[in-house]
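The two complexes that follow have subunit A in common; it is paired with subunit B in the first and with subunit C in the second.
Coming up: the complex of A and B.
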């Protein structure tokens, strides 16, 4: 497969980058940056609510574990396109891979913030320093490798742009890289499917050693499989979310037919997931815990509702075609997968009596800041590089879009 | 034992003995020194609570274990601290004489006496499987407990059916509270019940006129608020992973943990591990080398086989302990406020956006989109 063929009709959106919305995002990023500087100099205790019992907080539960799952759009669409050979989804690949690349890069950055002694990170690449018995090592290697792979996968978009650049340097890079990419991109795509499968199952496997610390509603030998299946669901949801929002924001054609059939895929994935979850709980005789009135059962049912509702909403063909229902279902699946990860890593995790954790305002701000970086970078890149396909449509109808457009 | 008590002369030897008895009783059941003074005052006024003790489907084990307490001894208890007006095992009277005593005690102390129920109540065939003086247990308990000031169910049988209710429960045996719907019945389960849990409850009612705090199954929290496992004398062996694997093996003889032999201690709420029976140190099942059978738990005793191991939620002690005053463990209103605002904004924006997408229908169709049905054409 040639790089240029990956997404032939993609083109930059154009328009000014520094809009009101973009500047608002930058303001959040700025505030987040101050907290990060404070954290780097004064230590974790200065900004976070983490403690000896909860040595990880939302920076891990959201930024890394949920963040990489929400960045599974590239993985999910690649599975559909390349493994199941459904070529019609091609135009969704580039934006999905871009969100993935941004998401994974920020997850890697978030891990760095969470390291107590981050100044030792330079030792990480050296084989002799590795703890080869650690699942975390596998997660770290896969995430860093996959981040590189994602940027390579998206690089044709940059190269297409740089080929016409006025700068001789960028033109040179583009010309030199094109033959390399043409030769190797297929292998990177294969890696792009292997690596996330590995590390998402490892993220689940991380909690297998939690045995007695993880509540029995979540602790199961199936944790790795649950994480993989739920990240695929979240990946598809993000693609629907992102395609719907971009279409409105940038007056692009709405990939309606494609999103409708993608929503059909989501019903299957969700049904599998909920079925697995219930069969697992029943066969391990833990289903009774779901009916014990405590906060664990409450979160379990919130999570189940968030998984089941989109499956019900998207099941009838008529409803599935409604873009509002597609969008709402996609949001709910993103919430469901995120909640599942929060439940496994924080809510269901009990390190012992008298420990408690709730993210501090600073931690929330940093997480918000990282999301803002991702959105801002996405906006800037799609405006300058060929990511989205189809030409903008001139006359946009009024409605929600106009407001969003004004802000963008 | 004690000479008859006279309160005319505070300096008398017998009064001193009685003070000692009251202090012992109050300490044994954990009521504190104030209670001892109150016992004394109550006894001096001659206001000893009247107790009527009913026995239905039972083995008298609860009465037998109560007879073997010495602090206070049961004779002190029934003669000095309470007035035991009806008890079939301890009665000298029989037949019509006994029935008459019951009626008289009920009449004299109506609304004030303590009704103690020992044994389950059979309900099948209108309760004909347990009849005393021509009346069924159901009739008797409704009559006696209906006019009582407090009702205490002693033992597992009276608390929830116990042995008589084991499968297939041929007589339809149930606990007292299932007959006395709407009335507070304090359950003191156990097979037998630890007499101190009973004494503590009776003496608190006698002294203060109140009942102890109860858990969801109406068991006094002071006795049933923790599991046997929590204060088990063999707990150190459990934590260290030293288990008796078979009766009489090396581990069993060395006093190792009995969990693998089917001990139900980890899920059984009772005070046995701290309050042994009959004041003999080590006189309780685990103390003498037998696994706990969970006799205070309706879901365990006589239902889960004796040698089946129970599931333990947290088998190992935590590997991390919080500081004495953990500085990090507070949740600031600012943090919750920020988190709430973020989540609320996201939820609101998501909902509004999806509503607008459904209603305004202002999507731009893909030029190449297929069937007409799949298009969302601008109106």
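Coming up: the complex of A and C.
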């Protein structure tokens, strides 16, 4: 009981971990593992369709660029909760931060798989000459740092559980860490907002080097800003998605009021994004390209439709209250943001007519395997650790920080 | 609540303004000029007879295996493009009225995109402005391939320990006092080696001497901020397959952006400070309002 008191609401869901669904996920992970072994011995060309024209495939476009954006729930909710001081969203913070921590960790792993000469990484802090002009270096440092920050942000959930552990080791760790976290957690939370702002803008800036390769419907000096705004939209969408699925899966109360107002926030973010996109295209006099009958225009409109539809669905207040519409809109926003990233990194990227790329089956299997790891880890952790809230909370409950404070 | 929200927004806007003025107050970085000692190639496509001696010499000099293609039982070393075993290649151009040849290899840009993006400077400018590769600093991220407007760097996709492969202007031969393999072997002197400034003068001299033989510009003099490999042609450079790039170096915009935002790391630090102030203040407000409640 004590663990529950410490955080007010969050408590483990309980139940068996190895369910049929969980075992199915493990099977996908196993298959993915085999492909990874093959890649290590036979090289990237043996498992992927990447080539000299399209040196980055879905491991970068999905696992890293879209994956970290879909892992922006922690960022988006923390922005709302701690910067805009909307305390009512507190109970969404922990599950959001957990999905973020898992998402970023797997993105980091995907990068290692994708690196041709991954073994040279150990030299980076000591022997290698850091090129401060490299946007990718900034992205790499920022993502690594943020992954650590996310695990620190979620650590109270583990500590609360370990306090009551029968293992003296875990209990000792929990007792030592509690005062440290009470003193420093808010500093890490601030980093947890700064770092994603930096690297999501930089992920967009990565493709600004493609002056002659990236299609003009996507090449804009505003890419960094577009990436930040769209990752915030995706972050909120993932929170709605995850809260809805968790409520259904674990038969918990649907945090309806909160998700409704969150959906209201999404309308604003989406409208800003679509507005920016159109104003940019019109002012750069590139809007005509959207009416040229080719695959670029097709993907542009698919992407715009995926951004605009949820904004329309969520705009009327009584539609916004409908959990079905909330869920569908969140799903569409996740697709929209992902499609935007695919467009910038793959669809709109044209290295020349001699090159083409479509992900291979093995490459896709690795991506599915990493998603399976993430889902499986999430399921196991919420069953054993206090992540999900038992009931919706009206206002300003003791959150991560004040809860720990009260405990110490 | 609304007061603290206003404070939050004000703090963040201030941080944003600092970041923005940091960018505009400073003058933009000056475009990079070619090194006076920069070396390169001058390729005159009107002189090239397509004998491909340069392709074979390049293989030999760089220890690259031939790329056999089997056709009706016979083997040909006939790669269709630059690849992980081919650092230079001769292609055919054909406009319908006329045809000829064009040589492709690293352009050794004055301000190369590949060097700008390389995280640990595995690709770097070395003596004579040559774009050189150091495999021990390379982690294989392949951002150079994304960045290069000429699609020059190639990756060993079939290897478990892959490297980036590209022309390094035979820098080991230069160190021995020899010229690059391709220029040494060329029977028509269609490709010659020299200082970029001398090559540029020679190129303009040839145009002036036979104005009806050449289009009046030298590709690489200004393209993408200038390249150290220069081209002369009797037809448009587009017909040769050379990309139409503006005069601005490819990394010019991104480097200015990066410098503007991260100059002295001031903007991130200011933003971090503002976030921390707002968040500590919010926590205090929340705690006060909770104490006020029964």
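Please note the rule applied: the second predicted complex is superposed on the first by the 379 of 408 C-alpha atoms of A that agree within 3 Å, B and C clash if a C-alpha of one lies under 4 Å from a C-alpha of the other, contacts with A are read in each partner's own complex, and residues count from 1 in each chain.
By our rule, contacts are C-beta pairs under 8 Å (C-beta built on N, C-alpha and C of every residue); 3 or more make two chains touch, one makes a residue touch a chain.
All figures in this text were calculated on a predicted structure; none of them were measured in a lab.
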| item | value |
| --- | --- |
| Superposition on subunit A - do subunit B and subunit C clash or fit | clash |
| Which of subunit B and subunit C A:254 touches, first, second, both or neither | first |
| First, second, both or neither for A:322, with subunit B first and subunit C second | first |
| First, second, both or neither for A:51, with subunit B first and subunit C second | both |
| Subunit B versus subunit C as contact partner of A:137, first or second or both or neither | second |
| Touching partner for A:212 - first (subunit B), second (subunit C), both, neither | both |
| Contacts of A:118 with subunit B and subunit C, given as first, second, both or neither | second |
| Touching partner for A:351 - first (subunit B), second (subunit C), both, neither | both |
| First, second, both or neither for A:375, with subunit B first and subunit C second | neither |
| Comparing the two partners subunit B and subunit C, which touches a greater set of residues in subunit A | C |
| Shared subunit A contacts, counted only where both subunit B and subunit C touch the same residue | 45, 50-53, 212-213, 351-352, 354-355, 396, 398, 401 |
| Contact set on subunit C toward subunit A in their complex | 1, 4-5, 8, 12, 80-84, 113, 116-121, 135-143, 145-147, 149, 151, 153-163, 243, 245-246, 250-251, 253-255, 257-258, 262, 268, 271-272, 275-276, 278-280, 282-283, 285-287, 289-290 |
| Subunit A contact footprint on subunit B (complex, rising order) | 313-316, 318, 320-323, 326, 328-329, 331-332, 334-339, 342, 350-351, 353-360, 362-367, 369-371, 373-376, 378 |
| Subunit B-facing residues of subunit A, complex | 45, 49-53, 212-213, 216, 244, 247-248, 251-258, 260, 321-328, 331, 351-356, 358-361, 363-365, 368, 390, 393, 396-401 |
| Touching residues (chain side subunit A, partner subunit C) in the complex | 40-46, 50-53, 55-56, 82-85, 87, 114-118, 120-121, 123-124, 128-138, 140, 186-187, 189-191, 193-194, 197-198, 205-213, 221, 224, 349, 351-352, 354-355, 396, 398, 401-402 |
